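In structure tokens below, several structures.
Both of the next two complexes hold subunit A, though its partner changes from subunit B to subunit C.
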Partner chain A sequence: MSESPRKNSALRDFGANLIKSPQRILRSAMRSGSPTTDRTRSEFVFGNVFLHIHPVRTHRWSLRWATTWGLGTASAAAFLIALVTGVLLMFYYKPYPEVAYDSIKDIHFVVPTGRFIRNIHRWSANVMVVAVLLHMVRAFYTGAYRSPREFNWLIGLGLLIVTLGLSFTGYLLPWDQLAYWAITIGANIAQSPREVTDAVGITEVFDPGGLQRQLLLGSDIVGEEALIRFYLLHVMILPLMLVILMAVHFWRIRKDGGLTRPDDVDDRLGPPPPDTYPVFTEAPAKTYHLAAIVRGRTSAVGQGPENTVPSMPHLFYAELGVLMVTVFICVALAIVSDAPLKELANPAVPENPAKAPWYFLGLQEMVSFSAFMGGVGIPTIVVIGLGLIPFLDRERQGTGESFGGPGGKKLVLESAVIGLALVIGLEAFAIRFGWLREWYPEIPQWVITAVNPGTILASLYALYSLWLIRRYNSARAGAMGLFTCFLCGFVVLTIIGSYFRGPNWDFYWSPAEWPLH
Partner chain B sequence: MNRNKHLLLWSSIGTLGLLIVAAVQENILKDWRRIQAAASTIDGPIDVRLRQVISPDLKITDRCVSCHVGMAPGEEPAVDGPTLATTTHPPVVHDPGEFGCTVCHGGQGRATDMADAHGDVPHWPHPMIPLQYAQAGCGTCHTHVQVPRTERLEEGERLIARYDCFSCHRIDGRGGTLRPGGVGGMEGPDLSYAGAAGHDPQWYAKHLQQHEAAEDGVWKDSFGPIPDDDLRTIDNYIASRVGAPRLVKAKALFHSLGCRGCHKIDGVGSNDGPDLTRAGDMDPLFVDFSYVEGPHTIARWHEEHLRDPAKIVPGSLMPNFGLNDDQIELLTLYLMSLRRSPHPEAYWPKDRILAERFGEREFGTDGGTLYGTFCAACHGDSGQGVRYPDTVPFPSVSNPDFLAVASDQFLIDSIRTGRPGRRMPGWNEMLGGLRDEEIEELVRYLRETGGVKAPEVDRTEPRWVSADWEFGRRLYDNHCGSCHGPEGEGTEAPQLSNVAFLAAADDTYLFETIARGRRGTPMPGYRSGSPIHPALTDAEIEALVAYLRTWEK
Partner chain C sequence: MSTTPEPVPSRLDPEPVPRRDFLGIASLCSTAAALLFAGIGMLRLPKAAVLSSPSKRFRVTLPESLAEGEAYIPPGRSIALFRDEEGVFAISLVCTHLGCIVSSIPDGFECACHGSRFDPDGGVMKGPAPTALPWHRVTKSEDEFIVDEEEIVPMGTRVSL
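And now, the complex of A and B:
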């Protein structure tokens, strides 16, 4: 009799606990209560392994749409979409020549929603390239690379290169004609340093070009070795690198003090709208133990009003919104347009014209004059130049403003006109009158390597930029001019390569004029 | 914050909407769903579900029956609904439920859209065989053996009609009908598939027994003794009844036009033209359609190419044979049947095993069919010789004067080794793939066609001529060089400086050919003169022979 009530109460507890358990599971996962107070909102962010890379509070300036246009988040979102769809594709894709092609056919025709998933994967990759490029443009024109964010600019450059690498390696995997010949071109560009070593006559003892090609293809031809290499790069090495670089990139945003802001940001923002959740508008009065010994901007004590809002939910709504917009764009494109799949790769029948992916067509246009300069030389110079910008421009004027700095919008417009005029003029000349090889068929290749539309264009841009530095007495003005010019060059060369080049890389006004054979 | 909330809300709703659109596209708007939804059997509407024929052995997953519901295995036939749902498969030897669809018809069995499934999409290598050439699908597995040339096939059909076989038997829908008065008819089995089901070689003996034992009735009236020659032709015809009469007719035509004189199939034929072993299975992507009008399909390519080879393949050596539309359709059907997909050997039909493992011939091995298969294109359908534009004329091989001086050994040697450097290929087993007994059969046929027996000349001494060859050269330059070429290289007339020719020809052959000439050709006989050439003495002809012999070294 005495044991019976105890039994009954345990049973009752069991029932009550069972009913409460879903709530408790949620609580134990969240670690903090529901994010309704300032404290729990903060805990929500830093208590979560995925969210704690975000700041607990976000400046109102960063949440303005015009500050970033969400381009960085869109890049990351596109990567996330590509990651998910890519993993799904891996269930069916088999990385072996011909089998690879058949498996893509299967994905296209047979696998339920396979075509849709593949389309999304393809479009998210393109969206990612576009978003990353635009993100860099935005960061440049707002002067976001300036101290203390120099290193994050370099990380961003690394991300750009890895993004292009991911896109390029994915290009080979379907093993169709498009893939095969684009990679053949890529491999030949990797080999192009031979142009220089040949000219000097040391290729036999020192052949970095041949080595690069060997490393890339694992063989002398684009074959099964190349395919497995590209596959491994595409699904393993490059995504890992990207994820690591992204983690550093995001973390550095926080550590470098959030997004870049103009000095008079508080005046520009004005008072917060009345319905906003309480905004910190006073200078922080409290500091933390660690903050006392950490160098740099970590501690905000004694500085102006913070003007921040809790990241939860303000920042997360914005981020999720951009993510969903990106998903929307990718899905819409996937419904409208199928990813291409040409005929099975056939080493005996070269595609003519064989074109690289669109974002490399500007380079291919320059490659048509000199493989080394177009494919290796100028890209290297551009990357080094971009990397050096934050260390050469040490000014403060205009940081955080669009087109901020001496000259401003007017300078950018002027540079755009000059940049366009130069690249269109040079291209028109080369298309109309040919280049050195057409005039002097016997001319040694190293002369063309040194003197071709690509190098001339780069030099003219550089000269113009030096002149700007003198004129405005500002390195920022030179950088803006140069960056704008290169942007124009990139766009124009890409358009020419995409739309106006036909068989044998000859110029045609439209593909309708291409000869049949 | 409100702006961002709205952004999230509307982009999420938009994405959800798009996903629903994609899901509807994928799951509801498919044609096969609508077809099935509209179809019903006598028991009421049918289930809407993906139907397919699966055979792991044949490596097929054919979803064609999702639209062609009427052909789906093990279902009640639909009585109402779209035509696709109610149409059933015409009766064929094979059960489509077991063999699937793509094995015979081609196309992309796994796809569920019409364009994709029929393979009319860019870059799909195995599009469907057009319906008009449907019998070409048999060629995927079958190699109908011993198919005679058209002449013999038609002769077989005529004989069957003449010997009144149709009174009891039905063949390809003909005969075996009820007789007037409603008595009898269909006493014998349907022979339309006799060749496939196993043709009984003893049938004639059994029939004859019945005939002799019968007192009256059809056995007495409608059957009688058949001579051996006719019996062989009839046998040949019945063995070719495999349920694909059109394809057999097409193959017979192919065996009449001498196509294999230039093209190899399965290792037998010459190498002058492309190997045709897989002509029906060419990947459309690797075929040049630049000059083909109309749809870019393999069948269309063959049609247009047969109509005018040089138009489709610029610079082609293949002559324009001036084929009519029916012949073009037949030949295209046969070419489309050359596909040979790699199915497991357990599925190989008997004919293919006979052909690939036991060396049975696809072509009839009677002299006429051999001649039609390998020689007719160049030497003419009755051996009269042919001249195509832009080619050296091909000599007549049934010319009585030729057959009268050519020994059997000369003919056999010439066929075996051919004329190296000329269009005539060698036909021995190493080169053209013909067996010795087949070549002997060919020679027998030539003698029969020409009506001339082997010459009875004493040939114990093959090289008996010894004369002054320099004298012969002067004679050659005067009388022979204009046609045979100054160095015997053969411009208008056959090449004489050919090593294989001189090796095969003995002195008697050369001497007699010059002496008699070839009636019906520009080659005159030099034993007697004519207004355009003088008569030569035996010594002069011997001198000529001696000169020809100088080219042998």
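And now, the complex of A and C:
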């Protein structure tokens, strides 16, 4: 109530309050004034449930482009785009064979903006796979997996697997020829442990392959049960897993003391440039200011607060920038290139060539020698190998520096040359001369399962890496060599699978030479 | 007289509480066991007990004009029937590599997906397919033949005309 007892004052206050209420609603939501001082900039971050996963202050090293290239943020941004466009697609998509195909056709040709939204969804999924892979590469080469971040590296691996699973399950939903034959091949890869159990002769009593296939398809054929399962995985189970893993990933970054940085980071950065917001504008003498705001270990502990800047605006504007660039890339690709839709699935005639999504074409190339090794064995070995890296490389030197500091670049270059030479050599040999089955048609399958270009390549890479450990007396050198080799193998096999394999998975120098049929 | 005060036990000092330990461990273990059983029970749901797939036995009438070595593929099935002077036989068209449908070519079968090649009897000649294309049981019933997709017979088994 107003102090003056004048008539109508309550009514006047009412008017004034009404006018002020939009501003007050905003203020009650923000809980702090505009972020212009240290205090309000901090409150801006921790007073907001969506922003408070960020630190209040960010180290300048973390904000360098060359530290992260924004790739983790770009992965999250691409996921956000896929989430929004995916929910929109769910308005029209119907997960039932044939009906599914028609609904995608409707989305593509009839629904207003349907084609655009579908294109963005498809492209954001691809952008996300690229960003996640590159993000892993950068985390590896800066040694960011080292203690205390081993566990976050493992969470990251989980994120990589879920990301690939999301993309693959989405590939199947249109129920066109590509989708149908990709599920067929995928489900049979899940069944391929039979290649081993058959060789040992225990499939009758112990058949993990058959069980996996049956759980995936819900039937022994690829039909409505399979489609609904892939749909459930794509729109519910895998996104939930991704969100949970992302929450742990981000939380761990904070708890592990922010991003990895070199020990001599202060010398490398030099004094802060004058256009950054200086530290502690309000009371420069009181260094406990920070501790009063955020208790416990922050990214600044032990690093000296001198080299942090307020997250608002420095970190947030950088993140918004990455989000905008990601949106721009997805939208631009969606405008220039339509998401594919082949003919309706035809269980009698496979698409020829029947290609998996691009990030699996390297696996498909290996699968074209042995289903089990290419589809299950080697991927499992790679995932286990990646997971073990932080526990085998316990060195400290070069943490936070690209390629582990001086000499690292040379080592990576050398490994790249060797990795490329081995994979190209083996593939050229197998393409030119064929493999065991062509020479000895009667050869038992287990010999081919054990000896094929995939297993030979993996063994050679492993031997080379052991030799590097000996030569440099450093596990980090071995890890860098191995990772680089596998990266080269992945890239080369993917390129061969994409461009040099045509109908019947025969080798062609270019798709222009494919026979017409 | 000087009395040193009895040391007050700190709340942080560990003090063995056997009974509480026992209860704690018991409740932890029973919770773990309950969750485990619930998990296994829930996993039973996605594993379908009845598989929804079409009947595996079907009747076919071979066209009169079917030449030797030419494949007859009943509509909607992935099986090829052949006729020669010794009789009629059925070979599965599902590639033993990863399940694509092979196509019948003059000197056998070929798979589009990863390039497996099979001879006219279904034996592997090239590519990643681990085993030969299986033969299926064919029986004669008057003018028609009954093919059983579930029953595999040794390579070379024919039903005489």
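Just so it is clear, the second predicted complex is superposed on the first by the 477 of 517 C-alpha atoms of A that agree within 3 Å, B and C clash if a C-alpha of one lies under 4 Å from a C-alpha of the other, contacts with A are read in each partner's own complex, and residues count from 1 in each chain.
Quick note on the criterion: contacts are C-beta pairs under 8 Å (C-beta built on N, C-alpha and C of every residue); 3 or more make two chains touch, one makes a residue touch a chain.
A quick note: this is a predicted structure, and the numbers were derived from the prediction, not measured.
Colleague: Once the structures are superposed on A, label A:T203 by its partner contacts, choosing first (subunit B), second (subunit C), both or neither.
Modeller: Neither subunit B nor subunit C is touched by A:T203.
Colleague: In the overlay, answer first, second, both or neither for which of subunit B and subunit C A:A318 touches.
Modeller: Once the two structures are laid over each other on A, A:A318 reaches subunit B alone.
Colleague: What is the contact status of A:W181 with respect to subunit B (first) and subunit C (second): first, second, both, or neither?
Modeller: Second partner only.
Colleague: Considering only touches as defined above, state whether A:P347 meets subunit B (first), subunit C (second), both or neither.
Modeller: Touch partner of A:P347: subunit C, not subunit B.
Colleague: Touching A:P441 in the superposition: subunit B (first), subunit C (second), both, neither?
Modeller: A:P441: touches subunit C, not subunit B.
Colleague: Once chain A of both complexes is superposed, is A:S402 in touch with subunit B (first), subunit C (second), both, or neither?
Modeller: Neither partner.
Colleague: Who does A:F109 touch here: subunit B (first), subunit C (second), both, or neither?
Modeller: A:F109 contacts subunit B only, not subunit C.
Colleague: Just to be sure I follow: which residues of subunit A are touched by subunit B in one complex and then by subunit C in the other one?
Modeller: In subunit A, positions 349 sit in both the subunit B and subunit C interfaces.
Colleague: Can you list the residues on subunit B that touch subunit A in the complex?
Modeller: 1-5, 7-8, 11-12, 14-15, 18-19, 21-22, 25-26, 108, 110-111, 116, 122-125, 285-286, 290
Colleague: Mind pulling up the subunit A residues that touch subunit C in the complex?
Modeller: 181, 184-185, 187-189, 192, 195, 198, 211, 214-215, 218-221, 223-225, 229, 347-354, 364, 367-371, 434, 437-438, 441, 445, 448, 503-506
Colleague: Going by the contact rule set out above, which residues of subunit A touch subunit B in the complex?
Modeller: Touch residues, subunit A against subunit B: 63, 65, 105-106, 109-110, 112-113, 116, 176, 275-277, 309, 313-314, 317-318, 320-322, 324-325, 327-328, 331-332, 334-335, 341-344, 346, 349, 516-517.
Colleague: Taking the complex as given, what residues does subunit C use to touch subunit A?
Modeller: It is residues 46-48, 51-54, 73, 76, 78, 97-101, 103, 110-115, 123-128, 130-131 of subunit C that touch subunit A.
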